[in-house]
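You will see chain A twice below: alongside chain B first, and alongside chain C after that.
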Partner chain A sequence: MTTTTAPGRPATGTESTSPPSPGRRKPMKSPYPTWFFIPAGVFYVVLFLVPTVASFYFSLTRWTLFSVEFIGFDNFVRFFQEPQLVQGFINTFIYAFLTSGAKVVLGLLLGVFLSSQIIGRGFLRATIFFPVLVSTIGVGILFKVLMDPFGGPINESLAAIGIQGPGWLTDPSLALISVALVDIWKGVGLATLIYIAGMVAIPQEYFEASKVDGASAWSTFRHITLPLLRPATVTVVLLSLIGGLRSFDLIWSMTGGGPGFTSDVLASVIYKQYQAGFFGLSTAGNVVLFVVVAAIIFPLSWWLNRKGDES
Partner chain B sequence: MVPRTPRRSIVALGAGGIALSLALAGCSAGGDSGSSDGTVSLTWLVDNGEATVVTAQALVDAFEADNPDISIEVQTRPQGADGDNLVKTRLATGEMDDLFSYNSGSLFQALSPDDTMVNLDDQGWVDKLDENFVKTVSTDNGVYGVPLGQSMAGAVLYNKDIYEQLGLEIPTTWDEFIANSEAIKQAGTAAPIVQTYGDTWTSQLFVLGDFNNVLAEDPNWADDYTNNKAKYVDQPAFAGFEHLQEAFEKGLFNEDFASATYNDGVSMVATGAGAQYPMLTFAASQLMTSNPDAADVVGTFPLPGPDADTNGLTVWMPGGVYIPKSTEGDKLEAAKKFLDFVATPASCDIQSESTAPQGPFVVEGCDLPEDVPAMISDMQPYFDEGKTNLALEFLSPIKGPALEQITVAVGSGITSAADGAAQYDEDVKKQAQQLGIEGW
Partner chain C sequence: MRNTAWRWGGGIVAIALALFVFVVPFLFIVFTAGKTQAEASALQFTPPTQWVLFDNIVAVLQNRDYLLVTAFVNSTILTVGAVSIMVVLGAMVGYVLQRRKSRWNPLVNSLVLAGLIIPPAVVPTIWVLQGLELFKTLPGLIAVHVAFGLSFCILLFRAFVATIPRELDEAAIIDGAGPVKLFFRVIFPLLRSVIVTVIVVQAVFVFSDFTYALYFLPGDENATVQLTTFNFISQSVSSYNLLFADVLLITIPPLIMYIFFQRQIVAGMTSGAVKG
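Showing the complex of A and B:
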């Protein structure tokens, strides 16, 4: 997936915003002999190609690890009859778009802020990035404790100023949002980093020119910073959307998809099927997840990058 | 899935445990040197519950003292569904330890015992075991396990002091149970019914513990269920879901039911913060760890149904110790010798010394010590009068895996009882198809 975003990566410079079109590549004689590729090829086939093909096969079977029975598309039919699946689909999209959108907005603001001349810039940049480095599971467990409705520090603090805190993770209508907030807190550092890199890549001449022309801070931001940060935005949107669509670890460690099925996402539905020993069914689920992610990301990536070309 | 030892609230930790134990398994597979100096060394995989590990180690120590030429190393695995996966994976790949502990009943059946385990029906101890237990570790082709631990009941744990203060009688019908709960609510000092959805598995008791009442109304229910004829959306089985919904709607649960954990629940009944807690009696070991002074305060009564005459306990069988097919030669002999030892009264005594018993033993000649907690001694009359029935998972191989989420949803008022029961029927269907049972 990262290869689709690579062309938009701001670090490579503003010139490279357009993806290299296949037509431009001339068939080139490789400088290496064929046998040179065999080790990498073997690894690729054994570790990636075989499992991928196998997973498509196993998604068509009833598989107990001990025995395999071919059942055609029954798994897919059954998967879509899962009572929690519709809810899971909706939740996945809510989660992905919420976290992705918030990371873009917050990341942009923080990126602009942290690339301006302020005191302690290096320290502030490090602080905002720290949560990215911490293990997701650790963050999940920590926030589960913090968000405990009875005796959790968050609600205790709210109670101190006279507010009755909600059941962050136990209220069915709030659980998913709470997890998404933590995801945003944890992931915004990476978005900020990408935006900072994008800011640095903007030539100072533009800003100087706009200053000479008497542009206000807002119009500088609106007409110079924002358009030139487009590649960074594309990267942040794609990365966080992919991350959001397949997010699992944070949700699992904080709510386990609960209460009931109210914060289940596609990945947690699939995981629970693995746990239950429905290996064929959950493999089918992963194929569905793959198709859904691909169906969203490829057109989106194409659209975002094409717009980049036009501007 | 209730009969397994309590699932940790932080399932993710278990996942970490899987990765770790897989890594460890990788190491031990390489360094398996066997018997160079005439001793046989075995490994025994048990779940990582504190009580389980203590008991297992105590048994191993006693066994090694009598058999200096055999040494056994206790290995641990995560509990709950992560542990199930690990056991299945190791059995399927032939990497299983020489001995392993696992649930009996439907979870045992899901391991395809005929293909993966050593048949032990020729062993002397088979005749000394409770008939009901033997059924839960057998297939049509053989007997595969020795019981470890005691049988237990899925029942209501209650605080005797509260019952005494309010002058309440032990309820024998559901209506009496609700009336008692309302009276406790009126008194206002304790939560009438404790629920602990911080550990989702605890939510299943209203449904699973009601099974004695289901069988009382329809003795063939379990077979009909296995044969795709009886469903949870219909009475008598629907009552469990209905009761859960009713208790929620009447506001009888503790305030923090959505986030409280199993440990919290046991403490609440022990301290009187909660009055009644539908739970398995293996809670005795948790009680003796967290609130040992309340040993005589917490009692047990069956989950009541519609009829006072058939009021009785729903009973769970202990898990078993099994030998996988991958254990061969000297190791197999040594492993059989160990199982021989586990099925003796001496072993039962060690078990009740190392952890608090949770109910009667299922091995002939094994008696409970005199000083068991009231929670356990309260069960004895029902056993003596034969007012017990096995839980469904010992009478049918099918147990839907999503029950705990469904009962949390019903108990939290997210889903209605009717929808929950229908969802569970679908879940059961999935499991039956996965097991390849005829007629689904």
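Showing the complex of A and C:
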């Protein structure tokens, strides 16, 4: 990056200040100067690249407000020994795969459904998508109240039809699932829209041809719609997995990782350790998250895109 | 025959379901925000017996020495600042990245992808911000949002610049425009539609962000609206009416954006997604 600064800057300087001398400008630099990368690069390198690289070093230290002490892999050992940290690690996968899977299935069904000729399509699309834009904190607070085990509207309604509602956010075995449900509620609109965009891209001729051939609705869906929606599926899977693995604010606003640490995920562990002043341990959590995301997303996107090329 | 049944039957069932699943929760916000404190604490899903929505909103705004008003000002500065820097810098990168085949391109492309996928390392970022004396300051949070949001902008701009014919550049160069003039006077105005998309999508994102504000701008005196709302829970659990008046207030800006820019938001979210 820095090496391009030297030849880039003077060239553009002379050029823009002396336009009326065409002779001298013949051997000029490209009209697309590489230094255009630099302002953005400064933000990116200083606040994203440097911290990311530094995190590998700091994850090997006992780091507090006052001192940094190199301790090798102790943080990582601790990370996989303390039950509450291990729980957070496992929960991250449960949460990410649960939300991602549900968004793919529901998004696909809703996308196909909302591409068919039904009344109120525009209204339905707008309604399903709106929660995507609402602040996660707002949604978290809202559902925390709705899911309140004592007199919360959801359990009140269930009681009215004779069902004893569970303690959505207070039952240790259910808390993570409940938050995941709200995540699906909030995010399914985006998946649906991506699938609708995918449906629009499929030429109508395919459907007409399969109709002429007498294909049933199911086999049209199975052999035409589904394969041709593959790019949309790839997008939804990758986006929702990336979001799900990094997810923090919904969990934090609804359960704070509780009860106990049963709904902790990596991102909330990172915050808790940071709050407690264990900066090294927190950064180790960040490195673990980095490795998890990279180890899942890069091979998956390579595999999904490769299969896409073959067909 | 079957088609009409589907068209109406399916549609009506879907609308009923959508109202129940997606609209009722938002109605609950409005209802609770309109109740008196005693009535709201029952957490019933009923319309308020007497609407005190306006009083509640005023009370929320005055709460703790106009903290929420300050927060709205902060969030506005944050959103406007971060989004305008992102748009200009992202457009510059996307433009050169698309137009010029240089040996930097593979590197820049992979950095852009990394920026979309890799979770930011929070504590080291705080360490850098402290070194720059930007920790716990609004400019610091703006810079962080710019750094994390650039990748998305660059992808959208790169895709859009590809649709602008190169002949335009050549004509401008022949007319004597330098690179800076060419970009800011000729290309940038042509990017208008994608700029609107980027602005709207990123504005909604930056305004709604909670995580980065929690890490990089803690404390009450210069909090953003999301943070203020979150802190509200711990301070006054008893007054659900005020809490939901607050939630209602922070829901309104994205709603307004959505009503006016629905097409751009949808285009930005789905097209940027397809590239990712």
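Note that the second predicted complex is superposed on the first by the 270 of 311 C-alpha atoms of A that agree within 3 Å, B and C clash if a C-alpha of one lies under 4 Å from a C-alpha of the other, contacts with A are read in each partner's own complex, and residues count from 1 in each chain.
The working rule: contacts are C-beta pairs under 8 Å (C-beta built on N, C-alpha and C of every residue); 3 or more make two chains touch, one makes a residue touch a chain.
Just so we're clear, the structure is a prediction, and the values are computed from it rather than from any experiment.
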Which superposed partner A:Ser253 touches (first chain B, second chain C, both, neither): both
First (chain B), second (chain C), both or neither touched by A:Val179: neither
Chain B versus chain C as contact partner of A:Thr170, first or second or both or neither: first
First, second, both or neither for A:Phe290, with chain B first and chain C second: second
Chain A residues touched - chain C or chain B, whichever exceeds: C
First, second, both or neither for A:Ile270, with chain B first and chain C second: second
First (chain B), second (chain C), both or neither touched by A:Leu133: second
First (chain B), second (chain C), both or neither touched by A:Asp148: both
Partner chain(s) touched by A:Phe113 [first = chain B, second = chain C, both, neither]: second
Residues of chain A at both interfaces, chain B in one complex, chain C in the other: 137, 141, 148, 249, 252-253, 274
Complex contact set, residues of chain B against chain A: 10-13, 16, 81-82, 84-85, 88-89, 91-92, 110, 112, 115-116, 197, 200, 255-256, 258-259, 401-402, 405-406, 408-409, 412, 414-415, 423, 426, 430-431, 433-434, 436
Chain B contact footprint on chain A (complex, rising order): 62, 64-67, 69, 78, 81, 83-84, 137, 140-141, 144, 148-150, 167, 169-172, 249, 252-253, 256-262, 272, 274-278, 281
Chain C to chain A touching residues, read off their complex: 3, 6-8, 10-12, 14-15, 18-19, 21-23, 25, 28-29, 32, 42-45, 85, 89-90, 92-93, 95-97, 99-100, 102, 104, 108, 111, 115-125, 127-129, 132, 143-144, 146-148, 150, 154, 169, 173, 176-183, 204, 207-208, 210-211, 214-215, 226, 229-230, 233, 240, 243-244, 247, 250-251, 254-255, 257-258, 262, 265-266, 269-271, 273-274, 276
List of chain A residues in touch with chain C within their complex: 1, 4, 12, 15-16, 19-20, 22, 29-34, 36-37, 39-41, 43-44, 46-52, 54-55, 58, 63, 113, 116-121, 123-124, 126-138, 141-143, 145-146, 148, 151-153, 156-157, 185, 190, 193-194, 197, 231-232, 235, 238-239, 242, 245-246, 248-249, 252-253, 267, 270-271, 274, 279, 282-283, 286-287, 289-290, 293-294, 297-298
